[in-house]
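Order of writing sets the chain letters: A, B, C, D, E and F. Residues in each chain are counted from 1.
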């Protein structure tokens, strides 16, 4: 396994600066964000550390040279839009850009592209299903052709009122995964697994690792704290932001020794990238840098 | 406190038979269902043990005589429709019939009428609020005038797809209660508290009793079993029927000694009515009668 | 379900007295012991409340008349020898007598015969298997022909040094049951399930009920207390009698509300017979009678 | 074991009424209070159901006849003063009256007299010790001579400011008991064990039963609820009344099944008397009667 | 946050040596002890790393130069006497010396002075209150004038018989803090918070951090192990030294990940100073140095 | 305490390479395996990093020089055969070779020799005892004479069918240790304590440390994961390999902070050597090296 972080947490920095920071703090990889330039539609979104629009061989080589110079690998390319947004003017450009990210990965020698499958949040899973398949079958075929694996993060994207009730990403539970893997029928689609989302949904964050070991393409290391007093006031069916708080690994509900031990046991050997949405370190670049340093200290012992 | 049951569980029996069964099994009270005759719109609904349409003094006296003959009191009148259904042809007759139930209570010497406040299940709590107040202010005023208390059950009414995502009853959490009690500003509105609904929502079923002691008008004794394996498959945000099973007291998650002890501690001295939605005893009348007998055995020791 | 007890606990009493005691204490059934007359080879064995040697229609009618007179049913016939004892002079008479018990059941209108499958305690499960099948296939065929079901108790019979290391009964775990049910391939073989034996083996006593619901022919209600301090001294691999103590339901490790609730959930509708090996009430008849009375009080509420 | 109650909870009733109530509610014994007439110095004290001042054979026979008439035994005589009060005008009459209670017990055929050893609450255990021995050695000798056993309740008598910091009874822990039993060196001194006092002191209420089985002369059945929120505010070193609430068995922290099972296991065969200091049933006679009825329902199943 | 230690643990070393050790082991700050020279009245007391008696600008500059040379900051000045000792010859010099410490802090550019408020241990909190206010109001005013904050440690100072029953420091619980902060009414008085003291008092060591976030001036990192077996012998009301053992962070009851995460969440950004009273490393200087090294390893990851 | 590892995990490496690896990874000691050359009879056995057959002063000096060159000490010599094998051709050479290991230790300046006492796995502890004493008394005398301590590992050596039922090492529990220490009556025999074996036997791995502190000669750091689902299938009496998996410290059931804290508390000051039987890192040399690195990271903080 390789310890890295998600480049979105250093949105203010250039790619070069991101790689320098990673090297300086002893990280061996980074997941690079590939949002379209200039379109930040929500928090943590809209970061462009690799601009895949018209990515050339030359630019790709520059990027790879920078990586080599800093001794930092690219764990994956990340782009997390809602391709199943009911508004086609949101969904269609998202799918088009995601294609570009998939197509760019081989140029950069990157095996994994991460994202969400999206969801029409006002509709049930069943009601989303036909459009989900229609959208994703071609993307999965494209990935197969290009030798790329797509890792879908298991985030419900259900935090605020405008995402209520269904959230903006279908790919949140083993029940959904099984159905999707069966219907898409491709080795190119798998998981960018983040255990904190299972805590949010009151599910065991270790349980699915064994069954889905062959679908574990990428892992996000993020944690969450459940506020029991708040939960007693509003219940689990309320917007989760009222009763949970994103934290870094070490400050949340997950036992990271057990989690890393289970990753090891099921044979996972890929990247583990820290994600920082923990506001307790402050919303500044410096706060996020301190946060990622603490998280690294908590996780680094398990990387030998 | 008085131990009773909800008459809906003996839908096949006449009022006389219900009272005879209650007496025979040592119950001291029954909550009598008052649905409009002939309109059973969902499971457990549509039972009419008291027909409030044109209830006369004479009929009321007959009912009271039967109660006296069997030594069984009426703990409350129950009618649980969705007065906030987006379809006015559902909502309006519901409110009209609820008025009749409130108006009938004094005729029967009954202090408490139980129900739901309803909800447009596709809209958020905030979006439901104006209509909730518009509907309920007059009902609460009516109750005040008639010396009746309305006990709203804290059930989310969110079990199946057609109730997804918001359920058909707003009155599910302390946060909602506080807001409603403040806005309605009346001693005539309170709770028909059922602890199982808090387990369903991952909330502490004892915590609210102290704060809301003055609003505890009626109590339902029902329990629920959480299926952790199922929850690990689909998460808390899925329809609850996939990961919970209604059970009788004694066979679920609630510690009834602690619950009864807390009711005692906060000074509750009203009825505690067993509700049976536990299919494990079979869906027959005889099964429900066995279920209520076991539940009685579990709870009776706490009634001295 | 019907609440009863195992007649072995009243070894000093005649059948008539056993039935009178059962009736007096409100039990609805009794499992009657059918050991050969005069051959008590170990504690709790050797009790003969029904002598199946040459049982005639006339004697059977007398027994049934006594049952009817007292209003107490026979839950099953019990005979628990070691038919796989390495000494043929033990094993062969045991099998021969077990045949007689099976053959007698229809005379008494009894559907279930309970026992152990036995084991050569010095050999592994695999090494016992061929002889197990050779012994049990004919017995199971006999049971099928006679319309009788054989309920094997899941007791390891591993308590003292002479039973070490393997115990005298193979039928102790789901892994063994599955293999046996597959190899014997008959609906006539099932379980006389006693949850305390799973506690002894550090297994969840509720877990197997759902999978084996169709094999639950009879249930024993016994409990056990684990002595953690003793266990810390000698470990689980020592003779269990050093670190556990048989207790009645209510005084041991099992949550009987959960157990009875799970029996109900999986649809079990047969007898639940209390077994008393709890020496804390004294080894006298009177002590065992007090013990069975306390156990009844603990379990009776779940029988409606 | 015999189920009874402490007569102090029915202070308003005459002895005859107490016995009638006990019989009516199915109790087999009562601990009768023997305070001097007219001197109620604190809550729950000062009750005189047997006036030992000048108790005659004739009066004793009347009492015994009343007991026989109602079928209720006297489990013990109770008098709980502070014989080690620093004020001799408190301590000396207390000791003198205690002597009378001991001397009266044989007249009533009662084996056990219950009380406190007392304490100068402002001094440490060590500083109290010499006076404790000087006071108690003669009392214990007297008890031996009269064939009476003295059961000391393990209550710290530390609830309010005037009892702070040491409380008014030394006999609260196994460490003290061992020292006292060694120094007094008599089989006539033992325990009137109340498990709730161990919960108050953050001690395991079952742990001492096995070691002190020969000193268990009498048992009080009372429970207590710890208020964790209050404890987090003031800590365990504050007056306990700020963070605990006396409750009846079933509504507190103790698992009574485990407690009764352990009493049974260690061979205790004496009285278990319910004590009601649970204000949640109201401070009226009727409230205490309801409380004792609920407690009886919780405990009665364990009495066979 | 800055990781440091309390200089009292290196009593044998000079200030220069203390700073050198701190720098060598990677600590960024030290709390320097300021006891009057030569007056060590109890264990861990009497250490003088800064002599405030007649502290001159020149000596202050020397100290600051040493700090700068080693790259180690002064987290606070520490002096922990009992200013409320009933003996004026103890209390008055203590208060006088504390004034000097407060007055010296600005010379050293130090913002925080730590201590105890003291207590007459034989009297209740209420009885101490008037003298507490009389003593502390002027001290707090002085601190305000000098721009210094006083951090009171929440230690009960209740370990041995001569400190029984009340201990030598009132400032032990949120209930006391709220009252004191209200009565002293000054932003210059706050907490030097040590979570181990809450474990000792059976209180949640994380609970008060959120409410008192603005009063958190300094933090001590110490832990404690509760000896449950000893507690079962003597109870929580006995001297705590009989049932607890001071330990370093990592070897006690506190989950330091949760504690540090909560400090972070409430916005604490000050020093966290390790205190070593853990005798298991030996009572030598070398033992304490090893202990502080282990504690640093346990805590350092949380400092990024 | 000193952190090291067991050289058997680097079976492919020469002694020189083992020491180099230890030095490179910051270990301060290694337990060197001393199996007879060429006789690997089971997994993890048969490793010869020191060949004690004809070990000369010169060779010993070479070894010591290598140790000094790398700055790595020898924590102990290890040889773990079954000297109580029922086959004399196994048992006798084992005992003879063990003598040689004991005799070699002084040459290498090593104080501790580690091994098993062995067992005839088909016989009870009692039945093994006479032969155990006959074999071990002379070995213990030899050790005394040579100034060597023998540390017996508490491993049951009961993993596979050929070791069933008793395992190949008697020295597994405090009950056995006490008896052995009493019968052998020598300070030269003690423990090479591995906490994971207590988890396997369902025993508290910390509990024995205090009592046996004087017998703690060496410690192995290994962990184990219990597979509850497998245990529910086969029970604790089945071969342990069906329900447990060896893991490195940090990935198993043991809380290493508590374990190290307790070692510290009881005054243990010897070596703690990591043992790797954790297959999840792969069965290659490189896998074992990564495993030992992760285990070191988990344990190193406790070594100051």
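The definition used in the following text is that contacts are C-beta pairs under 8 Å (C-beta built on N, C-alpha and C of every residue); 3 or more make two chains touch, one makes a residue touch a chain.
No experiment lies behind these values; they were computed from the predicted model shown.
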item	value
Touch-network distance, subunit E to subunit F, counted in steps	1
Touching both subunit C and subunit F (chains)	none
Same vs different contact residues, subunit C with subunit D, by half of numbers used	different
Option in A-B, C-F or A-E whose residue-number contact pairs overlap E-F by over half	A-E
Most widely separated chain from subunit B, with each centre as the mean of CA atoms	F
Rounded Å distance, subunit A centre to subunit D centre (Cα mean)	65
Where subunit D and subunit E are represented by their mean Cα positions, the distance between them in whole Å	44
Multi-chain contact residues (two or more partners), subunit E	none
Pairwise touch network: line, ring, star, complete, or other	other
Chain-chain contacts as defined at top	A-B, A-E, A-F, B-C, B-D, C-D, C-F, D-E, E-F
Complex contacts: residues of subunit D adjacent to subunit B	225, 245, 247, 250-252, 280-281, 290-291, 293-294, 297-298
Touching residues on subunit F, where the partner in the complex is subunit C	122, 124, 126, 156, 158, 161, 164-167, 172-175, 198, 201-204, 207-208, 228, 231-238
Residues of subunit B that touch subunit D when the two form their complex	257-258, 260-261, 264-265, 267, 300-304
